[in-house]
Amino acid sequence: MSPLSRDEMARVLARDIPRGAYVNLGIGAPTTVGDHLPPESGVVLHTENGMLGMGPAATGDTIDPDLINAGKFPVTELPGAAYFHHADSFAMMRGGHLDLCVLGAYQVSASGDLANWHTGEPDAIPAVGGAMDLAVGAKQVFVLMSLFTRTGSSKLVGECTCPLTALRCVDRVYTDYATFEITGDGPVLVRETWGISFSELRARLDVPLEWYDD
Amino acid sequence: MSPLSRDEMARVLARDIPRGAYVNLGIGAPTTVGDHLPPESGVVLHTENGMLGMGPAATGDTIDPDLINAGKFPVTELPGAAYFHHADSFAMMRGGHLDLCVLGAYQVSASGDLANWHTGEPDAIPAVGGAMDLAVGAKQVFVLMSLFTRTGSSKLVGECTCPLTALRCVDRVYTDYATFEITGDGPVLVRETWGISFSELRARLDVPLEWYDD
Amino acid sequence: MTLLCASADEAVSGIADGSTVLVGGFGPAGMPFALIDALIRQGARDLTVVSNNAGNADTGLAALLAAGQVRKIVCSFPRQTDSWVFDELYRTGKIELEVAPQGNLAERLRAAGAGIGGFYTRTGVGTLLAEGKETREIDGRTYVLEWPIAADVALISAHTADTLGNLVYRKTARNFAPVMATAATTTVVQVGSVVEPGALDPEAVVTPGIYVDRIVAL
Amino acid sequence: MTLLCASADEAVSGIADGSTVLVGGFGPAGMPFALIDALIRQGARDLTVVSNNAGNADTGLAALLAAGQVRKIVCSFPRQTDSWVFDELYRTGKIELEVAPQGNLAERLRAAGAGIGGFYTRTGVGTLLAEGKETREIDGRTYVLEWPIAADVALISAHTADTLGNLVYRKTARNFAPVMATAATTTVVQVGSVVEPGALDPEAVVTPGIYVDRIVAL
């Protein structure tokens, strides 16, 4: 078995979203999770720029410059949608009303710290958007990321070295090689693997790992 | 010349409301000021239970139980009205957006302290409503009240003895005998009198008074 | 997900003794009469009720008070010409009262719904209602620190819902309902009618369905 | 009272050097392009701009930055694929940047409009963006104290206004405009059309006219 493609990672994550959940999909790869949420899932998508009931990407004639997602791409509106202003949208996020958000990450720590807004490089222009609000506000935070950097080091780490987005906020990490459950103070639990053995995972990751036991 | 009737007091106050002002009229006597604001005044009335553009009292067939003022009496809606919820309504009041509010009072002090929510009697049930929010939030606070209690003591006082609604918030006091301008640290200025001489006012009121000089 | 209930009794089921219950309405406008009547039948006791008033005449919130189910009420304006039920309970020491400025009530409910841990307001400075509360000078003015009001249940009334729980209201009956809907763990709504998704104008939805847990159409 | 202006130039007249200017929009959606172009012609300098982004491509806010009129920008997300104007100014030290979490930006604007002196939020706790800020433990959780953002001027875009200044928006172009309208001394709005009072549904007005000072129809 080989590691998952980006599309397969999104599909695996989408499978774990409860029916009827209110969900915010972060910009970039997390947005593609929406492609795996059929209408019968009843999942309602939130976009922080002021909408619940966001539909799929708009194309051709359906493109409307007034209707975009948080990544500023044209999207569509589903029946039962609602629009609201930014303070109301972030009140919804920060007040603990979203069941779930899906975010990308540079690093996640074993205790669930998230680093996803700033590489920490001295010449990088910082840009945080709504990441800190989603991370502290959503009832559950799922991270979707490749497990290893291009140079082969793990992005699931003992302690984040990149600047933090929020402390102890991540519940699950979906990667190309494995899906992890963060328990907070205990070891990180491995739920599934693809193209890597548990012992190899243990060898390459500098975090305490255990198999998830249902 | 005799002291003003309640209706005349309301008319005198209404005359001083600037064209096009956004105004909240408190419950009780202040509500009657609205009878003296013709459409051409352009004054827009706010009611704290969630409306701008409130019209006159409703009667007969125009009574709608869903459309009431802060005193819970049926009112009407003018063209250009807008409805909003309570947090938005009080944000408008507390954020300094209303040009003026008109409130009743038990007492006003020479420095503009207002006491209008609680007689201070031990068996009174306290009920504050939106009085404290209006008093601190409106750009100007006009008080409409009789100058003397039934026992003949002045309600414009050196220091309030009733529990306070807000400190140093009152700009003008409209009464049956005189209209006063509160200057804060200086003397109270008398703008007009009815049925009482300035020297008699000075004798009966325990506050420093001067004639208002345009 | 929003649950469509067959009756007001189903809608209020499970409310526990000792709960904090937000009750919408400004006087009778927007008062969720059917849900309150169902709560009286349901019988939960020792409740803390948060509402703008303390009941009018003998129906709605006044009837809940009369039934002896309320230990404490948090409101801005209990004393009214027709608040005889509350007045009697209060004067005989059978109910606890916390009076809050109406704007603090609204803002504290919003804070609970918006994840705000506390906020500074000028309302109440120097008055009995700020006694014992923390204050702070900000840019030369004094502010009082106020805390969120979070609740177990909100009982509110709306004009129309869609099956996803989106709500619209009618005129000044809107009042506290939208903020209360955000501040409770379980928000229960009585509505005039329920329509299909897409029937409400998405620009005019006041309470998005994410805040609505149970709906009953009357 | 709301003033109907004959041109965008009239609408932005009098904006002083050194002003704090709120600029609506989330990327290009809701960006008040005509008002920004007029502000470029008007020439006010040394501005502090508060906006979600720091300009896209070469128009709108990016053009204002390119004109050298902005001393400092407060935003949540300056770095974008088409933010080359800002990027260049920032890397050459010609503009000051304050990055704020998007929710803090929105809530701080609301606070300014709502008379809130400051508020506690969990957003940013333990991060670079809370460094040096006051924190407080509330019910066992850490919160950061954040302050209002009040401004001299707000430049926003809306779909339709009535002559009293009531505004409605369209889809996600609404974004920051309604909160910015509450936070500025002078709120200037470009709209698609202006209608008579009564033409907008009072239940669907998003920004009441009390927040609107000047309107120009384009």
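Per-chain residue numbering starts at 1, and chain names A, B, C and D are given in the order in which the chains are listed.
Quick note on the criterion: contacts are C-beta pairs under 8 Å (C-beta built on N, C-alpha and C of every residue); 3 or more make two chains touch, one makes a residue touch a chain.
Molecules present, by chain and UniProt name: A, B = 3-oxoacid CoA-transferase subunit B; C, D = 3-oxoacid CoA-transferase subunit A.
Just so we're clear, the structure is a prediction, and the values are computed from it rather than from any experiment.
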item: Centroid comparison with subunit B (C-alpha atoms), farthest chain; value: A
item: Mean-CA-position distance for subunit C and subunit A (Å); value: 35
item: Inter-chain centre distance, subunit C versus subunit D - centres from mean C-alpha coordinates, in Å; value: 33
item: Cα-centroid distance, subunit A relative to subunit B, in whole angstrom; value: 54
item: In subunit C, residues with contacts to at least two other chains; value: 107, 110, 114-116, 121-122, 169-171, 203, 206
item: Per-residue multi-chain contacts in subunit B, two or more chains; value: 77, 83-84, 90-91, 94, 136-137
item: Graph class of chain-chain contacts, one of line, ring, star, complete, other; value: other
item: Chains touching one another, given as label pairs in label order; value: A-C, A-D, B-C, B-D, C-D
item: Contact set on subunit D toward subunit C in their complex; value: 107, 111, 114-122, 136, 138-139, 141, 143, 168-171, 201, 203-204, 206
item: For the subunit D and subunit B complex, residues of the former touching the latter; value: 1, 110, 112-116, 162-164, 166, 182, 196-198, 200, 202-203, 205, 208-211
item: Subunit A residues within the subunit C interface of the complex; value: 19-20, 22, 42, 44, 46, 52-53, 77-84, 90-92, 94-98, 136-137
item: Contact footprint of subunit C on subunit B as seen in their complex; value: 47-51, 64-68, 72, 77, 83-87, 89-91, 93-94, 118, 123-133, 136-137, 163-167
item: Touching residues on subunit C, where the partner in the complex is subunit B; value: 26-30, 52, 76-80, 87, 90-91, 97, 99-107, 109-110, 121-129, 169-179, 206
